[in-house]
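Which chain is which? They are A, B and C, in the order written, and residues in each are numbered from 1.
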Amino acid sequence: MDLWLKENLDRLTTALVPCSNCPAMSSANTVRQINLPGQKAVTDVLEKIIGVLFPGCHGHQPVSHETCAAVLHETLEKIALSLRDQIRRVMVYQCLHDACTNCGSCETESKTAALKLLEALPGIRDMLQDDIQAAYEGDPAARSMMEVVMSYPGLYAVAVHRVAHALYQLKVPLIPRVMSEYAHSRTGIDIHPGAVIGPGFFIDHGTGVVIGETCVIGRRVKLYQGVTLGALSFAKDEEGRLVKGVKRHPDVEDNVVIYAGATILGGETVIGRGAVIGGNVWLTHSVPAGAKVYNQQPQPVIRIEG
Amino acid sequence: MDLWLKENLDRLTTALVPCSNCPAMSSANTVRQINLPGQKAVTDVLEKIIGVLFPGCHGHQPVSHETCAAVLHETLEKIALSLRDQIRRVMVYQCLHDACTNCGSCETESKTAALKLLEALPGIRDMLQDDIQAAYEGDPAARSMMEVVMSYPGLYAVAVHRVAHALYQLKVPLIPRVMSEYAHSRTGIDIHPGAVIGPGFFIDHGTGVVIGETCVIGRRVKLYQGVTLGALSFAKDEEGRLVKGVKRHPDVEDNVVIYAGATILGGETVIGRGAVIGGNVWLTHSVPAGAKVYNQQPQPVIRIEG
Amino acid sequence: MDLWLKENLDRLTTALVPCSNCPAMSSANTVRQINLPGQKAVTDVLEKIIGVLFPGCHGHQPVSHETCAAVLHETLEKIALSLRDQIRRVMVYQCLHDACTNCGSCETESKTAALKLLEALPGIRDMLQDDIQAAYEGDPAARSMMEVVMSYPGLYAVAVHRVAHALYQLKVPLIPRVMSEYAHSRTGIDIHPGAVIGPGFFIDHGTGVVIGETCVIGRRVKLYQGVTLGALSFAKDEEGRLVKGVKRHPDVEDNVVIYAGATILGGETVIGRGAVIGGNVWLTHSVPAGAKVYNQQPQPVIRIEG
């Protein structure tokens, strides 16, 4: 090794060993006994789950009709084993973090949770059929269902969300959020795993969409890029700390359409069934069923020179 | 294998085998005879194509001056063979999907299409030279042409678009859209492969840009982040289904600049040569050549507390 | 090889060999002597650096308490060696590009720069502790610090920025921008490596955020998705070319909060300490400390049918 490096490496290492001067469980995943799964470990399992929901669609190799069942069997086993191990680790971590006393056995609960997720997959796949249908019917540019499955970011984000939401409902810490942020990274669509979203959901283009943790969205809802379903303000406790877990994001009823760049805020806000919200609309209060809501778009000034 | 898993795995697999209860060709790529290329297979070919357009720029290893020709030769062969195979599969798939009767031979047509794409590459590379130049001249932060090639998302998205658009013109199904959505995923820039875009095109920052299928964009046009060139409304047939393939997105003539967050909608809308469209402007009608269009930005209320 | 391909491949290759008809150093990384590191080579080093800043958090394998020091030592050596090699290449490239005469020895300077980056890492890690804390306290959805580290795009973008900015300060060409655009690609957050950003910085959601090269941001600042800190206009020289390196982006003082979609432009613009800028606000002038700035949001028109 070059001298310039040799003489410095030990010093540099010592300066960086996190265990010495880092608050434990803050930025180093090196805690004794309970190493959390790394981000990539979680997203690998997620990709496998997506693979069984859409066999042969997202990977490198197609899956032949004949081998489909065998491939699924093998993949499900891999998913079950690593998911179970990851869930156990995050449960132990969260117990430690919350200094909780009545956690029950992370051993048993992680098995149950992993199994329940696998059992939820057929139902998730059926909901996704409606999502695919909604995208195909909702976008004039869609040429086939398979184009939707293979290329639409909105469908990918929703597929990941339905998986992450199932884990969120099973009270699995950390993993759902890592999954949803992976979808956010790939699609620009930021759906918190806590959001409740009905079947036939379609997000077109999608970049910049934000859907908050306590949103409840009905059936056959359609969103465009840049739509925010967010919080109006945060409740704080007497010491000025944010209160977590309050309802702070809107509800959107069946068959609503929300056009690009609209911002809808607040836990009290309800968008009534069948309403249409126009581009760039800013809403902090409820609107009734069937309402058409649009901005008087500012008339731009047009100057023609010469 | 652990018992908890063993006793459930077969049941879980059966519940998921898509061939049994999934609509064929909707969400499982397991149809007999015609397995489509997986998403990753398509994006691998795309990366190889980007690699011959910008040798040594995006990959791990640089390409030496001496070996450049040999590397190109080898890569072009790989591209040709897998692209040809992928095109054949999607053509067969689309014929089946459209139940088309006069498709001609997918065998022959796929060869022709793959070959034509390769023959289009030198022309695409020349157009990209103008795009690089436009970015370098248009951004004060640009330090060198190579910085543009290696790091600018706008250039990457346009490079992928020029490839996807060539395949779109060759009437290759599915693959162009998978490619453009891959670029969308990496850049936040969503350009439909159908859009026609002249040379010297520069998108700065780019996140949230949407360019619709039937846009026609002239030479030396410059866009910023969050610009939408979209549809105003969708034509529907007598049964209320969206009519596909109508002109529904704007035209943008030479030397137009469109600033961040502007929304320009409609198939009749034409932005005249040399026009400048300001930030957040909302336009649903044409503006003449040389027009300067800007919002009276709302004067924000400013409250200063004690 | 199939005949259809065989008879065309040589011709296609010749048409594409860049060294023949491409402007050198524009789109082909095949220049004699000085091959630049490919994009992936740079991002691999970046991922290793992120790995030592957050051991075990982003990769596939966790890092055990016992092996942590050894892993860091090994990773730091890899980082040092390839970073040093990459810096040398880009320095030689830039010297050639600028036809500079008084460059000094790229051999020596690249060693120094690589070493200085490694020495900056502990300080960067400490700043990131404040960023993690700010995210945890600023987002009601955050369940643990580790959730912030493993899943928050804002933290990832800021971590990459702090590394890229250190290299930018060391006057390393090209590499910082490749790193920041990699973070942009993964998060939708576009922070130029030149921006100066204080500790305790939190970007929530983040998609569409743009922070320009000459921004100066204070301590404990909080931004939401779609915020632009950009340039109002570009200075041009007598020949109409953009002047590079002028101050053209805003300053944001300590404890400022800027809500989603706000646009703040201009090198003279200063957002005073503790100011709050509302959603979608458009600002091209300074506001004093403590100011609350918000739009009279346009009252949307609400039509109810039937």
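One rule holds in what follows: a contact is a pair of C-beta atoms (placed from the backbone, for glycine too) under 8 Å apart; a residue touches a chain by one contact, two chains touch by 3 or more.
Owing to the predicted nature of the structure, the values given are computational and were not obtained by experimental measurement.
Taken as a graph of touching chains, this assembly is fully connected, with contact between every pair of chains.
Here chain B and chain C face each other with different sets of residues for the most part; under half of the interface numbers are shared between them. Chain B and chain C, compared by their mean Cα positions, are separated by 24 Å. Within chain C, residues 188, 207-208, 226, 261, 295, 298 each touch two or more of the remaining chains. Of all residues in chain B, those touching chain A in their complex are 1-2, 4-5, 8-10, 12-19, 22-23, 25-32, 35-42, 44, 93-94, 97, 173-174, 177-178, 180-181, 184-185, 188, 190, 192, 194, 207-208, 210, 212-213, 226, 228, 230-231, 234-235, 241-246, 248, 261, 263, 278, 281-284, 287-288, 290-296, 298.
Note for the complex: chain A touches chain B at residues 52-65, 68-69, 72-73, 76-77, 80-81, 84, 111, 115, 118-119, 121-122, 125, 128-129, 132, 137-147, 149-153, 186-188, 205, 207-208, 225-226, 260-261, 279-280, 297-298, 300-306.
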